[in-house]
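The chains carry the letters A, B, C, D and E, assigned in the order they are written, with residues numbered from 1 in each.
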Amino acid sequence: MEWDWNFVWEIMPTLIQGVKITILATVLGSVLAAIVGLGIALARRSENRIVARSVGWFAEFIRGTPLLVQLYFIFYVLPDIGILLPPLVAGVIGLGLHYGTYTAEVYRAGIDNVPRGQWEAAKACNLGGRHTWTHIILPQAIPPMIPALANYFIAMFKETPLLSAITVLELMNQAKSVANTYYRYIEPMTLVGAFFLVISLCSVVLLRWLEHRYGRIER
Amino acid sequence: MPAPIIKVDAISKSFGAFKVLDGLSMQVMPGEKLALIGPSGSGKTTILRILMTLEKIDGGHIQIDGEQLYHMERNGQLLPADERHLARMRQKIGMVFQLFNLFPHKCVMDNVTLAPMLTKGVARAAAEKRAMELLDMVGLADKAKAMPAQLSGGQKQRVAIARALALSPKIMLFDEVTSALDPELVEEVLNVMRKLAAETDMTMLLVTHEMGFAHDFADRVLFFDRGRIVEEGKPDEIFRHPKQERTQSFLKKIIAAGHRV
Amino acid sequence: MTQWSGYLGLILQGALVTIELTLMGSVLALIMAFLAGMGRVSRFFIIRALATTYIEFFRGTSIFVQLFWAYFVLPFAGLSLTPLQAGVLALGLNVGAYAAEVVRGAILSVGREQYEACTALNLGRWQGMRHVILPQALLVMLPTFGNNAIELLKATSVVSLISLADLTFQAQVVRSQTGSTLMPFLSVLVIYFALALIISWGIRTLERRMARGLDGVRV
Amino acid sequence: GARSADDAKLEQLKQQGFARVAIANEPPYTAVAADGKVSGAAPDVAREIFKRLGVNDIVASISEYGAMIPGLQAGRFDVVTAGLFMKPERCAAVAYSEPVLCDAEAMLVKKGNPKGFKSYEDIAKDSSATVGAPGGGTEEKLALTAGVPRDRVIVVPDGQSGLKMVQDGRIDAYSLPVLSINDLMKKANDPNLEVIAPVQGAPVYCDGAAFKKGDEALRDAYDVELAKMKKSGEFAKIIEPYGFSAKAAMSTTREKLCAAK
Amino acid sequence: MPAPIIKVDAISKSFGAFKVLDGLSMQVMPGEKLALIGPSGSGKTTILRILMTLEKIDGGHIQIDGEQLYHMERNGQLLPADERHLARMRQKIGMVFQLFNLFPHKCVMDNVTLAPMLTKGVARAAAEKRAMELLDMVGLADKAKAMPAQLSGGQKQRVAIARALALSPKIMLFDEVTSALDPELVEEVLNVMRKLAAETDMTMLLVTHEMGFAHDFADRVLFFDRGRIVEEGKPDEIFRHPKQERTQSFLKKIIAAGHRV
């Protein structure tokens, strides 16, 4: 089987349709993951042992099991208890929840990396809990973790093909449907690969910049 | 005779199985300047951190300015202090750390004004005016807009002192405030502290390895060893005529290592 | 529901395939990680360039694309792999690229002063690497390797998309044969989680054993 | 020349003792039993014919419909026995045997057929209607040809998922061959569902074993044994218990089906 | 008069735009004990690191023991040294660092024997015998099996000294070997160095802020400022009667900060 450029141009518009959905899912998933992660990180630090423990185990469970199965679960099992989500919404929730457990670790590391001296200085300045978080800890914790967060969002982007399993017509699904129609795998799959590679290489540049911009904090 | 401003009564403190403070008692008079000296690991830092409520005590009592620090009296009963009580007590105490612990993401001015504005609701203008006075006092009025990373160690430590003073505490705690500094920068910080000691009637507790400075600065010296006060007295007594053998051998080693007393 | 117990056998067969994939994939990933990770810090430009290309390519294109490529496109180049081989190849090379960065990071995380001590003691480059740097770096890598192994375990679920009868795939089969959705998915989630727990327990044990008497090394 | 190379294929299969077949997971065409054994009408026929050809066993891998022909071309399987219906484009891509299983198309809808579908055109006309079908399957093509836009033809991975999506109201109709739908209905036993069969305007299709282009000699050998079995009635004995009609398969030919518009 | 063992000739070194060493020249006689003092950032560490080949020079020449350090003579031409030449030159030089830089994953014995076994092919038994002698010399014979993390700072530094001595270098470089130690631990390290100075005829270069020790230890003192040698002479001359204003002001500050000279 030979590479066929005409075929490439023919299927391009279809694939671009898929790209749009892929990007949409990634963006929405990232926003959700950023929020879920902060929630988990704070809950795990909670004074309430039961909350901290159960959130901890839940996060471990999500982190230790494949996103693909979780997506099946959200899409096919949840309707049994009356939660019927459109494919894209189910996909975004799956991505957000799954990656939220990763970003939670980033938040945790970011917070732990603020030296103990800063907590103590805040106390010596008689700042209360809320003021310590908002004025001292988070402003120092968040900038250094931006690159790590971005890293996970790029990883999430590369996992969006999983959404094809729950009928979201993202890039991979479009490519498969093209392959199904014309019985040719080489061009669509290679194009999908090239597309991911290009975005990834661009994101490497973006990451370098983020690292440079936010990576360290001068003390 | 006035009442002591700090009254430490038989407190003990362990880290795991290791007993750092063992039934320690001491009293400090208002306005007194106290130097805490002693070998590494003897608990000097720990007692300061306990007074600043950075560590909890396992037993005993502490009174600050006539009030219990770690306990509250409610209906004649002594209960463990809650966060509100601790916050109120902390207003009386300020602390300067060995490693400065400035807030690296805030400029010098913001470091000094943050706490008064947030905890006492001082208006920005008033807070900045007071901050400028304090920065002037420590000789850094021209660095108000600088970020901590742009300062030398000595300058950082002087900012840290100004920051602690901004809350006008009655008691100031200093933990080896010069030991992280290059030798050439030590003097500028000690000068500020001398000035402070001379000009205010604040109570000051100082942990230091600079025996010469401790000698000039302190009204009274406490010598710590293994979580207890082994000897105390006027600087001249302790440094020139230590009674305890442990004190003598400690001072001898320090002097041999090249420090002036 | 009587049927269901019969299908448990299928699921366990799937678990076996998943374990097999994880083990073989990990071995390949480990080899690639050390080759490419040390290649990245090589003195020779060519080796650095090769290692970088490998890493960026496999991190950049999504694992799905790599899998479909290995399975559907490679045969046209005359290399026909069984689904298991294709799965191991794609997973191992993909995770190996991520782990290579861990190796590199760990090598670089060993303080400059350790390299200088090697020079001051006149150790050669390889001697220093072998006796001083790598033993310390290994301890730094280990926890992240554990995470990589769990990532690999989870990624095996995508081989179900190329019809390799792993855990996820068998769950699908059982589902369409029995009509029950909840049970197969829930049970494979639990199995995946149990496997992930075993991996992290194993790594922790290894770490404790290696870290004995080593409080000085950054972990 | 080519001829002997083709014979070589059968020789090779005999030697290794098995043929690799692609199947779907769609009873009654193909099925996997609780013990993992492959059954279903299509593989059962293939197993018997290969046995007669001297190839003792078949090894099945389950595949998506869309992946079958590319997989065949990539040499992943020797033959597809999965209810892959003959159509002109497919005949161009692979070498089919004579017809094996024939079936009409059906749709699964909610009880009472609320949207009143009778044909794929009905779905095309209702701009809010969605139809599910296996990716790369006949039904997907039929729906698209009937004018249902791409975004209303939902690619559903397997029958159980399709059933579930109709139950949950995610799609309005799910289309598969009649016997497949009936099998699904039997398992689901859901009174809120209804089957529309056959779909109007959709022809009766027949599948055949699909070989790689170039393996025509193997295909021809296969056809010879298939014809013998059809004649002896053994063919009917295998497929009729699954609900398929042997007569339907015997009343048409590959030539007709591949030429059909 | 014997030839100098170290001959530094007009070397310069910049980090980026910042010139750390600026045409520096100096000579050291075999067996001489040299103290390098001067303010922070004046280039003392840099010159030691250059001698140890941890930094490259930008210009100038260095001869060690009659041979070029950074250059090789080949057919009468002076070429940049390759790694082999550097490795051979490094055999003559040992260095002890401020932060010890022990190998944390190896026990004390292995720290000391590693380099002789790997670089000189000494057999384990011989290497361990020699290591025990050295550990005995630094007073740590009983710690041979301990891991570095189990040692105090002073002990670590003594192991580091033993480790450097194990290669029997002709020249030893010490960079502020006591400045990271607790005051009480300084003396034990200085004692080892005194012993070393008295017992061997090794050439020793010492960077230190311990003026008292520099005074007792050194045959000659070099005062650095901004990458140049501003003043040099016998310890008594430098410490009691410094000629240069820069030296005077430096010593005054150090004394004010509480250090004995």
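Throughout what follows, contacts are C-beta pairs under 8 Å (C-beta built on N, C-alpha and C of every residue); 3 or more make two chains touch, one makes a residue touch a chain.
Please read these numbers as outputs of a predicted model, since none were measured by experiment.
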Minimal path length between subunit B and subunit C through chains that touch? 2
Measuring centre to centre with C-alpha atoms, which chain is farthest from subunit E? D
Return the distance between the CA-based centres of subunit D and subunit E, expressed in whole Å. 83
Quick one: report the Å distance separating subunit A from subunit E, using the average Cα coordinate of each chain. 52
Let me have the rounded angstrom distance from the C-alpha centre of subunit A over to the C-alpha centre of subunit C, please. 20
Residue numbers in subunit C touching two or more further chains are 72-73, 76, 181
Please list all residues of subunit D that touch 2 or more other chains. 64, 67, 70, 74, 157, 164
Residues of subunit A whose C-beta touches two or more other chains: 1, 76, 165, 185
Chains touch in the following pairs A-B, A-C, A-D, B-E, C-D, C-E
Any idea which subunit D residues touch subunit A in the complex? 64-67, 69-70, 73-74, 93, 135-136, 140-141, 150-151, 154-157, 161, 164-165, 167-170
Inside the complex, what are the residues of subunit D that reach subunit C? 25-27, 31-36, 61-64, 67, 70-71, 74-76, 157-160, 163-164, 187-188
In the complex, subunit C residues that touch subunit A: 56-57, 59-66, 68-69, 72-73, 76, 150, 154-158, 160-161, 168, 171, 181-182, 185-186, 188-189, 192-193, 196-197, 200
Quick check on the complex: what are the subunit A residues that touch subunit B? 115, 117-118, 120-121, 123-129, 131, 135-136, 139-140, 217-219
Mind pulling up the subunit E residues that touch subunit C in the complex? 49, 52-54, 83, 87, 90-91, 93-95, 97, 99, 101-105, 107, 114-115, 118-119, 147-150, 163-164, 167
